[in-house]
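In what follows, chain A forms one complex with chain B and a second complex with chain C.
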Partner chain A sequence: MGRHDRYDAIIAGAGHNGLTTACYLAKAGLKVLVVEKNDWIGGAAVSRSLHPGWTYSNCSYVCSLLRREIVRDLELPRFGLQVIPYEGGATFTSDGDYFAYYSDHDALRREIARHEPRDVDAYDRFSQTVMRQCRFIRPFLLRTAPDPVRMRPRDISELAYLVRKVHGLGAREIGETLRFWTMSIGDFLDEHFENDLIKAHLAGSGIIGTGLGVYSPGSAYVLLHHYMGDVDGTIGAWGFARGGMGSISRALGLAFEEAGGTIVTGSGIDKFLTRGGKVTGVALENGDTYEAPVVASNMDVKRTFLKHTDRDDLPGDFLRAVERFKIRGSSGKLNIALDRLPEFPAAPAGAPFLRGDMHCSTSLAELERAYDDWKDGRWSQSPYFDMLIPSQIDPTMAPPGSHMMTVFVQYAPYDLEVDGVRDAANWTEERRRAFADCVLDKMSAACPDIKERVQHVEIRSPLELETEVGLTEGNIFQGELTFDQLLFNRPVPGYADYRSPIRGLYLVGSSAHPGGGVMAAPGANAAREILIDLGRRSGLPAEAA
Partner chain B sequence: MKDTRHDLPPEHVPLGLIPTPFQPRLEPLSRTKDWMNWAGYISPAVLDTMEFEYFAIRNQATLFDISPMHKYRVSGPEALGMLNRLVTRDVRKLAPGRVAYVMWCDEDGMVIDDGTLFRLSETEFRLCCQEPQFSWLLDAAWGYDVRVEDESHSVAGLSLQGPTSASVLLEAGFEIDHLRPFDLAEAEPGLLISRTGFTGDLGYELWISPDHALALWDRLWDAGQTWGIRAIGYHALNMARIEAGFIAAGVEFQPIHHTLRLHRGRTPVELGFAWLVDFDKGHFNGRRALVAQAERGPRSMIVKLDIGGFKPAADALIYYRKKREVGHITSAMWSPTLKRNIALAEVRAPFGPDRTKDLWVEIYLNQEGVWQRRMARATVLSQPFFRNPRARATPPAAF
Partner chain C sequence: MEQFDAIVIGAGHNGLTAAAVLAGKGKRVLVLERSTSLGGMMATGTLNGVQLPRLAHLLYNLNPVVVRDLGLKLDAKPVPTVALSEDGRHVVMDGAEVRFADGTAHPDAAAFVTLYQRLVRFGTLLGQLAQAAPPDLSGSLSLAQAGELGALARLGLRLRLMGKAEMREFLRIVLSNAQDLILDELADGPLAGALAADAVRGAWAGPSAPGTVFSLIYRLAQGGGAALPSGGMDAVVSAFVKAAEARGATIRTGAAVQRIVVEGDRVTGVELADGSRVSSAMVLSTAGAAQSMMLAGHGSYDIEAVRRLRNFRTKGTAAKVNLVLSGAPKFSGLSREQASGRLLIARSVRAVERAFNPVKYGEASKAPVIEAVVPTLTVPDASGKHVVSAVVQYVPYAPDGGWTDTARQTVIDQVVAALDRFAPGLAAMVTASELLTPADIESETGAPGGHWHHGEMSFDQLLSVRPANGLAHYGFGPAGLYLAGAAAHPGGDVTGAPGRNAALKALKEMAA
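== the complex of A and B ==
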């Protein structure tokens, strides 16, 4: 017989959001257990060593959205978390040129002018529009979304807050905001810029992690999602977690254990246990059961309610809404151990953008074609990728002189099409290798010697993200960030407040508002709601003002 | 000694800022052309960007030119006695091959300056500090069998700081992994390396003749390429300094030899350094006044503050119960490493480490042309803001 312990609260899944909720609850004095199916914690915020001497950020790879309020509340720097910003980026062309996105504004203006003088001031206008939108949306990240239908006092005050913020934009900007939230990144960039290469460089943020093309409505918001983060108040800046993204989970885990929490790894959830519409605990796959009046699921909404909850416990309309929740896998990843820094013949010696995010997609048309392949069930024949060499900045990731490269690839379908059949099982070892070769071939445009530099490569298709991390269909955001499933519609209408039809069962992962990106905001917001339900009035995660 | 000055044409002094021995390397690294005056020398405020230079201190390795520091060699059979009379600490406890942080006071117990005292041998010391002290040291040497030399212009200094700094030194062929914090060694003839610094992190300072300065720079620079070495300016260092909770002359305290107004001086105790004052070692400059103050209590205290919100509290005033003004911020910043809004501040007695309740900082923010005033809660901390075990580990870790 397995173990049967009692806790005040159980968190299912040791992803960064689950651990965040766990920390806040433990610090509020609750006896908290975290259960995790893998032998390690972190979910998609992990650092693992798969080739001796090298450490990979196996899934998520850069950090910006992680809310500093949370880092400060939980004192994560004390537990070893250090976020280091990186500088700019570049897109390389196949004919030996590049567009460099310098973090130095004057250098950036000169670089834009080198490609298209008319785009220089256009960039500043683009920047202003995006930053206005960021300023508008950022406070909502650390607040629970209102429910416009239920109209409880909380909902009314949150709606009033929303209206006040919208009003603060001014009449013209309100119209622009609605356009921005619903339009495509391609249309948005076409309105601002002339140059294809510049547009292609800026478009990447509009599609990363989402099953949308650059001309699909809603992709402009995805760009905003990638811009609204910050490193130390520099909005839009991105950084590396020293030691890889696993340092975030590691720090959260240590903070949680210091607060008295317990983590049990190595067995996943079999079932959420309920009685009379209330949650009573969890049963693990290994036979252990744990009891608690509060259970928080860090798994995505589909996995939580369609795989591990008794359907009879859930209302039909809720189930239907969960079933239709969009959570399509669209990306793959290569983590590469390099014997030394590859050559980038186009770049000037010591170029700072080599330490930033680099790409090889040179037009919106090329990006749209990459999306067409995905719709047809193929990986993009000419993929978009976001590649970085963090070991140039983070000395902990590779032996001195050697390097680690992370290459996020879009698009890669979950249910790969082979001979007319779309099935995730089509991701065989052979096809995974073919996928990696396709990416490495295209990377040669930027760094021709890349294949000679490769010592080891970890290839990740959406299938591995699902089987290893648990993300349904390998969607990195635990559900697409489109307007139809954002704010009070995330994950499903009526349940945006982290609660579920089962009393005591909460959703704390990125399926909930405000979504994915290693923000830890869903986890903190959910902790606030849980503590409110438990009658706590102090020690709650602060709401953004 | 024969005075030969009149036999030669006059040697004109240079006007304006003069280069340090490392300027030929710093000049081409400067993207911002942002130089500042440090004791008459050209010194970089920022070379590229303050932010990335700061992160190199906390993540990789950095080189900062500290040649403009004032350096004095005190040697002779009675050097120990003279220095023990000068500073508030007991120098007898400082073994050869060790470095100590020291302060020295005037007869009223007011701090003249602070600095690092290197004990090179039984009878030889070097004092490094911000302010010129030659005549004060000559005065203090009166009656002692010692020799005081101003080495300010004849010793070049480099500060190599950051978690990979030991790796850089090892890569460059310097066997320094046995050095403990505040240890000092002659790594090669003419090259002193001390495990000291102004960042609170792992780091070393290297002292060498100006003739060999550039060769040393190149050796470190080449060795540092695989360890992320970066040259930095003062502003980045100052951020690390505040995080470490170190005080700076002219900022947290006004060196008494420069003040014009009454009561602008501060005692070591008022700067938070009671532990630097040793009343049991015998007489030292300022002892009587400090003994008297020990009975009365300090007039004010320098404290470390954790401030609410995200906006740095530079130059802000501090209030008790949001009403009564009780002090001011001396240094403030958002700490990128600690994710806290930190500050050093001077609060008037009875506020200080033992009375900390209900303190507020008044922060003014200019939001695109509109001023906003915020009262942020301040919490007094007893520990340095930045504390990392890697700073103290011996042998040091690779990163």
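== the complex of A and C ==
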């Protein structure tokens, strides 16, 4: 048995959201236990050393969305969190050119003009629209979504807040918002830009992590999930967590422990224990049991309720809604140890964009075809990827002179189709390698010597993401970010307030509003709701009933 | 110069409806139609001496308010929908009843009916939004002057009155994709495929695209049943024409408008292709959105409006194949009654999605989704010949390499071969065939991009932003100009609703 067998609250899963909930609860004076199935904490925000001398951010790899309110509340910098912004990025063409994205506005305008003079002003219109949408949505991230059906006093006040905010936009901007939220990133870019390469560069943010194509309505909204963050107040900027994404989890873990919390690793949840419709604790796979009147699951909604909860404890409608929750894996990852920096013949020496996000998809049609492959159960024959070499900025990631490269790849299906059968078991070692080769081949257009530089590569298909991190089907957002699963519909209608049909059992991961990304907002919001139920305060926004 | 109170450009169902509404209020109305036939997309054509529906061949969604206001007398026979299956187990959907064609029970019948009836309920609810201008988002929040925002509030209330579970379901699915909605309830196959095909009819979208549930609901606003008008689409056209003429509207064919005359900030009339002018303080255009703007001259619009209208998506994907057969086709496994219904070739939801893929890259589907009707099985042609009228999806507006004769013949051959699989011997009976590609449809009817709805019916182009943000309330640029076609709210299908709503708006402003 553990050190204690009774706690005020137990958190199942030490992902960044679970740890965030744990911190807020511990700081409010509760005795909190976090249990984690892996031997390490962090979920998908981890730094792992899988090849001697190199550190991989082997799942999530860059940071921007982490809410600054939370960073401040939990004093994460005091626990070693340091986010270093990176500047720019590029998309390489197969004929030796590139489109570079610079955070310096004038440099960016010159680069756009080099490709298409007409797109220079278009970019300003584009970024103004995106920025307005970001500013509109940011205040909602740390609020609980109202339930428009139940209309309890709290729902009415949150709905009123929403209506006021929307109405405050004015008729023109409401129309724009309505369009933006429902249109595709491809159409949105087509409206603004002429140049295909520029469009392709900007389109990636609309599809990363989703089961949508660039021409699927709703993908413009997904763009916001990659633009609404900030680094040191610069909205839309991205950065590296020094020491890898695990530094975020480590800081959260240290903050939690300083607040008196306990973390137990190495054994996952077997079952959420209940009595009379109320949660009473958890039983671990190793046989340990812990009791607590409050249990918060950092696992996704499917795993929480379909794998670790007694079906008899749940209403049929709820179960059915959870069963049909869409959580399709669509991406893979390569983490690569490089002996030295690969050559990028197209780029001028020391180009700043080499330290940013780099891609090789040069048109919207190419991206859409990549999606068509995925729909049919294949990994994209010409995949989109987001590759970065963080060791250029953060030397802790690789031995001196050597480098670490992180390559996020889309699309890769969870249930790979082979001979007409779709099954995750089709991800054999051989196919994983073929998948990696497909990515490296395409990457050779940008850095022809990439294959010679590779010392070690960790290949992650959606299946590894599921088995290791526990994300069902390997969906990085713990559920698709489409409207049927956003706001009051997330994770399922009627349960968007982090509570569940079982009293005392809460959902605190990205399956809950506002969804995925290393944002920590679901975890913080859930903590606020838990503390409201306990009659305590969290200090987070939107606390008043 | 001739003078009228109002000029309507285009004698399609929307133009004729607008004319009838205006004339009904005592206005002197002139309808100007570019082509020599009336009815626009409802027009009847002739192939090899046999009459056939040139484009539209069924009625779905005719707005009951339009029927009432115009006093339309239409005799239309509801027809069953038959989802053709490769294995011969065709599925017949007749109203809310679903069975295999041989009368045996379909395993998914109950699930289908539950889903379908729910969608029809939602459709009826949303259909109420179609009967007026879209909500004006500039309404004040104070209750005293809630204005048109009240329409949204009333919708919310009616939704709430359906019960908590229904309201939740509505809010969950309304912006969702048809594929997930259908496959959450039904096994994939012809029945599921039929529903998916209806969700994307005429659209530049596959069933996996978010927003396709909304298009499906929209199609079901009047109960969802398809009806074959006795007397063909010709009878429908006549009914509309009669309604307009009986109220005193003048209709002229072969009268192409080349310019809407704007003086200062006001419309003063139109100029025809022959250079003659007709004067009127009010012009209602049923041409496409960008086309209407160009008729008035883009100088009458601010740069933002011009940009928005140019970006209004009108990529047509539905082609029409018409065939004349020497005899009656015999569909294996179908009775004559069933074969005279709406025949769908959409093997599965997945097949519909796959059919969509190529059109994104300028290619036609190799296994297209087909909606076919054999109207001569219901109303025989005097010659004893039969016709097949088929809507074919997906076919691009401008394929790579252009619409060569080979490219055209390939599409026709594919359709004939697909039909022949279900009606053996059909191919040998074909005596004449024609293909109307989206490009042909555009040049013939003026529908931009050949898009059946004059513009994609995706959520970002509907309601208060159709055709563009700031131009959604029929008033269209210069004072006195109104957009009255399918490019305006509530959009496409033979509904008459945009024409009616635009005319009412024009009357209101005329009175003010």
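To be clear about the criterion, the second predicted complex is superposed on the first by the 532 of 545 C-alpha atoms of A that agree within 3 Å, B and C clash if a C-alpha of one lies under 4 Å from a C-alpha of the other, contacts with A are read in each partner's own complex, and residues count from 1 in each chain.
Methods note: contacts are C-beta pairs under 8 Å (C-beta built on N, C-alpha and C of every residue); 3 or more make two chains touch, one makes a residue touch a chain.
Source: prediction; values computed, not measured.
In the overlay built on the shared chain, the residue A:Gly233 is in contact with chain B alone; chain C does not reach it. When both complexes are overlaid on chain A, the residue A:Gln392 reaches chain B alone and has no touch with chain C. Contacts of A:Ile84 after superposition on the shared chain: chain B is touched, whereas chain C is not.
Counting the residues of chain A touched by each of chain B and chain C gives the higher count for C. In the superposed model, A:Arg138 lies in contact with neither chain B nor chain C. Contacts of A:Phe488 after superposition: chain C is touched, whereas chain B is not reached.
Of the two partner chains placed by superposition, A:Lys165 touches none, neither chain B nor chain C. In the superposed pair of complexes, A:His308 makes contact with neither chain B nor chain C. Of the two partner chains placed around the shared chain by superposition, chain B is the only one that A:Asp104 touches, whereas chain C remains out of contact.
Judged by the document's definition of touching, no chain A residue lies at the interface with chain B and also at the interface with chain C.
For chain A in complex with chain C, the touching residues are 148-150, 163-164, 167, 170-172, 174-176, 178-180, 182-183, 187, 190-191, 212, 215-218, 317, 324, 326, 365, 368-369, 372, 375-376, 482-484, 488-489, 493-494. Contacts from chain B toward chain A in the complex involve residues 31, 49, 51-52, 55, 58-60, 163-164, 167, 171, 226-228, 310, 334, 336-340, 398-399. Touching chain B in their complex are the following residues of chain A: 68, 71-72, 76-77, 82-85, 87, 103-104, 231-234, 242, 392-396, 400-401. Those residues of chain C lying in contact with chain A across their complex are 136-138, 141, 156, 160, 164-165, 167-169, 171-177, 180, 184, 205, 208-211, 307, 311, 313, 353-354, 357, 360-361, 458-460, 463-465, 469-470, 472.
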